[in-house]
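All remarks here apply to the structure that follows.
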Amino acid sequence: MELFEKLLEMTAIEAFMSSPLSLLMLVLSFILLYLGIGKGFEPLLLVPIAFGMMLANFPGGNMAVVNADQVKDFHLLQIAREYGIMNMLYFTLIKTGLLPPLIFMGVGAMTDFGPMLRNLRLAFFGAAAQIGIFSVMIVAVLIGFTPKEAGALGIIGGADGPTAIYTSIILAPHLLGPIAIAAYSYMALVPIIIPLVVKWTTSEAELMINMKEQESLYPSKMVIKNLQRVKILFPLVLGFFIFLLVPSSVPLVGFLLFGNLVKEIGQATNRLYQAASETIMNTATIFLGLTVGATMTAESFLTPQTLLIVGGGFVAFAISIAGGIFAVKLYNLFASKKINPLIGATGLSAVPMASRVANEIALKYDKTNHLLQYAMSSNISGVIGSAVAAGVLISFLS
Amino acid sequence: MELFEKLLEMTAIEAFMSSPLSLLMLVLSFILLYLGIGKGFEPLLLVPIAFGMMLANFPGGNMAVVNADQVKDFHLLQIAREYGIMNMLYFTLIKTGLLPPLIFMGVGAMTDFGPMLRNLRLAFFGAAAQIGIFSVMIVAVLIGFTPKEAGALGIIGGADGPTAIYTSIILAPHLLGPIAIAAYSYMALVPIIIPLVVKWTTSEAELMINMKEQESLYPSKMVIKNLQRVKILFPLVLGFFIFLLVPSSVPLVGFLLFGNLVKEIGQATNRLYQAASETIMNTATIFLGLTVGATMTAESFLTPQTLLIVGGGFVAFAISIAGGIFAVKLYNLFASKKINPLIGATGLSAVPMASRVANEIALKYDKTNHLLQYAMSSNISGVIGSAVAAGVLISFLS
Amino acid sequence: MELFEKLLEMTAIEAFMSSPLSLLMLVLSFILLYLGIGKGFEPLLLVPIAFGMMLANFPGGNMAVVNADQVKDFHLLQIAREYGIMNMLYFTLIKTGLLPPLIFMGVGAMTDFGPMLRNLRLAFFGAAAQIGIFSVMIVAVLIGFTPKEAGALGIIGGADGPTAIYTSIILAPHLLGPIAIAAYSYMALVPIIIPLVVKWTTSEAELMINMKEQESLYPSKMVIKNLQRVKILFPLVLGFFIFLLVPSSVPLVGFLLFGNLVKEIGQATNRLYQAASETIMNTATIFLGLTVGATMTAESFLTPQTLLIVGGGFVAFAISIAGGIFAVKLYNLFASKKINPLIGATGLSAVPMASRVANEIALKYDKTNHLLQYAMSSNISGVIGSAVAAGVLISFLS
Amino acid sequence: MESINQILLLLVVGMVTVFAILSLVVGMGNFLILLVNRLEENNQKQDKVADAHAAVITSVVSIVTQGKAQIVKIIKTK
Amino acid sequence: MESINQILLLLVVGMVTVFAILSLVVGMGNFLILLVNRLEENNQKQDKVADAHAAVITSVVSIVTQGKAQIVKIIKTK
Amino acid sequence: MESINQILLLLVVGMVTVFAILSLVVGMGNFLILLVNRLEENNQKQDKVADAHAAVITSVVSIVTQGKAQIVKIIKTK
């Protein structure tokens, strides 16, 4: 019998009995794994997040990220000794805010500003589509979130994973898990959310506005004679102004533009491009996913706040999409060269999924209306828009 | 003359005179380099280990890993300042237990569970072949090792580098160097050890049991209609039960299964697979090798314990192989569908070398007896077996 | 009006007004970017250095590396919390001296000692070309630099980026920025500096010495029957002696030779070669560049010392080149098999640029005088020469 | 002697656990194979991504990425 | 109520800033395109690396690297 | 003045060391070349992996890895 007791003691079975909610968390992690693997919802992030969540919820596995108060003033070797490698990774890579800028460097190295530069005018709509961030923030304050928490919740409406994670780390690290889950899930659900909001807010006539037709009716005078050179100068000059006006966005936008710069320079900095877009990006994604997942224990996740975040995140997405659409409608009231409101719908970012969805919707109404290149313009500018919005929130709230 | 004194002072010559054993360590490091490069013994590990050993034994080079007591409560910047970069790397990456799980993630990403799933029954023999671990542990306690040291010594019989290193880090970090050397050396010597043990324990008739013949005599009813889907579900479901029953094995098995999962999902998580199997794996291998090598200074390595570890490691390997073989013999007593005892011999792991060796031996006795696919089943299950055994040891002894 | 005030407060505009010199630093960073991107001056290093410099000089961006005294006894999580991720990276990766050895590992993995082994005699001139290091050091002490600072300044004459950075980190971290800039800029300017010094110090007759002609007049008896095996043994045996005589050079030379070893072993250690020459190298280059750049704030950079470093660095380069040339001339006085003085000019290192420049100059005077392979010998030995010189400086001054 | 008893117990616990886990590997593996086989039989008729649909996806990706990306594999997710 | 006022102000500040930055994106982008177009027109005649020169570079690299490296792209830098 | 003397001494020590190390490079290099040449001469007759043996290895690897790996190089180790 001693043997059986020893065996039982070693297992996590008794511990599960005393905290049965951990089992619920395991079920949730399997659901997320199903969404990531079976349904293809942002698998690069959802699979490691869900796996980290699973590991964290086995009592005795020593993989759950502990409350920051527990490791106050600990140095990282102490954290590793007391709470294991997952906490070491979390407090070194995530809590310090290191990984989101590194991932943004990779995003920059994989972003082509070409479509935006060819349709610069449309970049405006990436601004209007940030309205969901601030609207939901206000609602969140009204229903009892602190301003910091409200800001972190609102930023889900920026439809940008690293931006949402970075903002949460700084403003409300205790909500990091649900915010990351909500951000990536809704980004994966963009093919459902955008058509829904579009149906509520636009008419068939508007959706039939053919971008190429408008282009030939009112041709742009602008010709780009050396796109490559423009693309090298663009991150430098743009950086100068953004850093000047919103210095708190430097960690995100700075690394984004650096990654983009080493890509556009080409062969001469190819080694840096490889590091930014592959080596660092892929490694950072694994560690970000696993550690963010490991923050989601029953105690930290199964709270009313999580439900509000999941709900609020959806509202923020919807308002952002509607914001972009109404900005286009407003523009169309005054301009003779009309814009398809779908171009506004992609302003929230979720690159490049949103653009593909917009393109598909447009083709349904007019088989010749290939507006993908146009949608990419507001789509990409939405990334800059939400990173700047994050900078403003951090600057005012932290 | 002042010049000559100054020059001499700068060199390591005087220091070597006061610690001539360091020269012996250099000779050992060159022998290991010869084995790794000239003889092809696990060069990926033995070359960096030997090089780290060489660097560590030049007095004044500041590359030897110091005793953990000397850096008690130091944070890593202090360690770097006082004891240089090798200690910084060692105490951050190894002493915390970080690298072995990361390497196991890579092992998982390079492991195909297919051969095991196609011959599941044979996976049992990966359990019997762990007996060497526990037998040698008992002997070690009897001859005076502490239980923790004995557990770390026994785990050499698991024939799995990262598992042995991880267990040593936790149970007996002062023995890490010789245990790592013994583990990787005997894994390299599997082509010599397995034939030896097989000769001692099996008859020619047994070695002539033809697996494919048995298969056609007693065909299995099981058909796998979608191996890919099974391979995705397998790490998840298996993980659930292992983590539940042996939560202390989560750092090893959890990362192994995560690496395997991102491989099997395929294109959707290819970036994670790249990071796990290349970027992280290769980088971790360099740092693991160099720092483990750098723990082997004359004081820490030239002890009677090292000889006992080298001897005990060999015995553990031999017993594990014999354990697997006898388990097959026992099975054959009762079953009509016979199994070649070589399938048991590969249960200790040392993937895939052990399977190749078993295959070669079988072919010597029967030119049609290609049992590689069968051997891989117990071979791979032996990896899980020893990781679980390590979890049990850690859970009971640490 | 409150709105406008709030907006202004968020920006860096007011801060720039109180520290207008930061604007000058931004101008300098754009000049460096122009040199790196537009002129192709060592873009792999100058682009990240310049970008880091730009980020650091936006007040409020929290990207400037602070004085080491400010973070005395801080552990890295504290540094991250108080001073942001750039300081975290700097104090973990640079101040500890970690990255230059890792980069040297990559340099080793990309260096082929073949040309040097085929023309071993010429390797001597890599020694003479280190004279610039020590001469400028003496001058620097005379004009008021401390010996440590003088050593760090002199090492620019080694024409080797990682060596210069490593030496500065240890001897004079407050001068790291300008020394790194000077080292990489003059390495990029080698196509201008070498011809200049050659013109001042050599006659046309000397430049017309045809290496292949000399070779056929006085053929070498040495034949290499198995270059591959020599190349594997070479780093090991050479390492033994260098580590014995100058143990303080182990962090640089040890990692260089390890990288070279895993390259020369070939397929068996290909994974380590990949990690050394790609994964670690590229990642380290990004972080080295950005953080070194981020040390250059107006306060730390706009000092008289910076001008002296820029001037002294040039003098060190010139003296080193002349040193190599005069060593050849001296040799030619006594030997009948003459050597083209351009072989001496490449001894300072700046591999492989210096050799290409020497080759081009030689071809101007004699269209058949392809001396590239010969120049590579002294060129590569110059890397070892300056790493050893750095070891001596560190050993005596730190 | 106490210590030796503990260590002997550890041998038993260890081998029992290892056998238990590898039994689970075998059992679970067989169960998963059967489960997936069952699912396969049900889904077999509807499990191909229509060729026409695939062609559209391929061409869209080609446009978006200006020919830099290509479709390696299309997985039906619903 | 204080807090709500602050948050409303933050909405205004935030949206103003985002619009300002994206106006800069548009303005700056147009300016850069025009600037580069102007530079292009001036440089157009002298902007090709002579084929002869390229051949020399290619062969030198091939010698230095013993055929292991190849010229991917030659950029004129002055 | 003390300091200047030290620095001058450092110049001498430094250059002497650098010359010593590079002499070792030359000497050691020549020694290794001769040593390896000698070894080569002795081993020359027995230094090839038999083609038949290589074919077996290649096919085994191909089976084990289901065609995913290929033999890049076979080194004789004993």
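Going by the order they are written in, the chains are A, B, C, D, E and F; count residues from 1 in each one.
The rule is short, and it goes like this: contacts are C-beta pairs under 8 Å (C-beta built on N, C-alpha and C of every residue); 3 or more make two chains touch, one makes a residue touch a chain.
This is a predicted model, so every value here is computed, not measured.
How many hops, at fewest, get you from chain A to chain F via touching chains?
Minimum number of steps from chain A to chain F: 2.
Starting from the defined contact criterion, work out which chains touch chain B and chain C both, please.
A, F
Report the chain whose mean Cα position is at the greatest distance from that of chain A.
Using the mean of the C-alpha atoms as each chain's centre, the farthest one from chain A is F.
Pick from A-D, A-E or C-E: which pair repeats the contacts of B-D, with over half of them the same residue pairs?
Of the listed options, the interface copy of B-D is A-E.
Among the chains, which one keeps its Cα centre farthest from the Cα centre of chain C?
Farthest by centroid: D.
Please state whether the interface between chain A and chain B is built from the same residues or different ones, using more than half shared residue numbers as the mark of same.
different
Comparing C-E against B-D, which pair counts more contacting C-beta pairs?
Of B-D and C-E, more C-beta pairs in contact link B-D.
Roughly how far is chain A from chain C, going centre to centre by Cα mean, in whole Å?
Whole-Å distance between the two chain centres: 40.
With chain centres defined as C-alpha means, what is the inter-centre distance between chain B and chain E in Å?
A distance of 50 Å separates the two centres.
From the mean C-alpha coordinate of chain B to that of chain F, what's the distance rounded to whole Å?
Averaging C-alpha atoms per chain gives centres 28 Å apart.
Note the residues in chain E that touch 2 or more other chains, in rising order.
Counting only residues that touch two or more other chains, chain E contributes 13, 17, 75.
At which residue positions does chain B touch at least two other chains?
6, 10, 40, 75-76, 245-246, 268, 279, 392, 396
Which of the chains are touching one another, listed as pairs?
Pairs satisfying the touch definition: A-B, A-C, A-D, A-E, B-C, B-D, B-F, C-E, C-F.
Considering the complex alone, what residue numbers of chain F touch chain C?
The touching residues are 3-4, 6-8, 10-11, 13-15, 17-26, 28-30, 32-33, 35-37, 39-41, 72-73, 75.
List the residues on chain A that touch chain D in their complex, please.
Touching chain D: residues 2-3, 6-7, 10, 38-40, 112, 114, 352, 355-356, 359, 370, 372-373, 376 of chain A.
Could you pull out which chain D residues touch chain A in their complex?
Spelled out, the residues of chain D in touch with chain A are 9, 12-13, 16-17, 60, 63-64, 66, 75, 77-78.
Which part of chain A faces chain C closely enough to touch in the complex?
Against chain C, the touching part of chain A is residues 74-76, 91-92, 95-98, 101, 232, 236, 239-240, 243-248, 250-251, 254, 258, 261-262, 265, 268-269, 271-272, 274-276, 279-280, 392, 395-396.
Quick check on the complex: what are the chain A residues that touch chain B?
6, 10-13, 16, 26, 30, 33, 37, 40, 43-44, 47-48, 51, 54-55, 58-63, 75-78, 80-81, 84-85, 88-89, 278-279, 281-283, 285-286, 289-290
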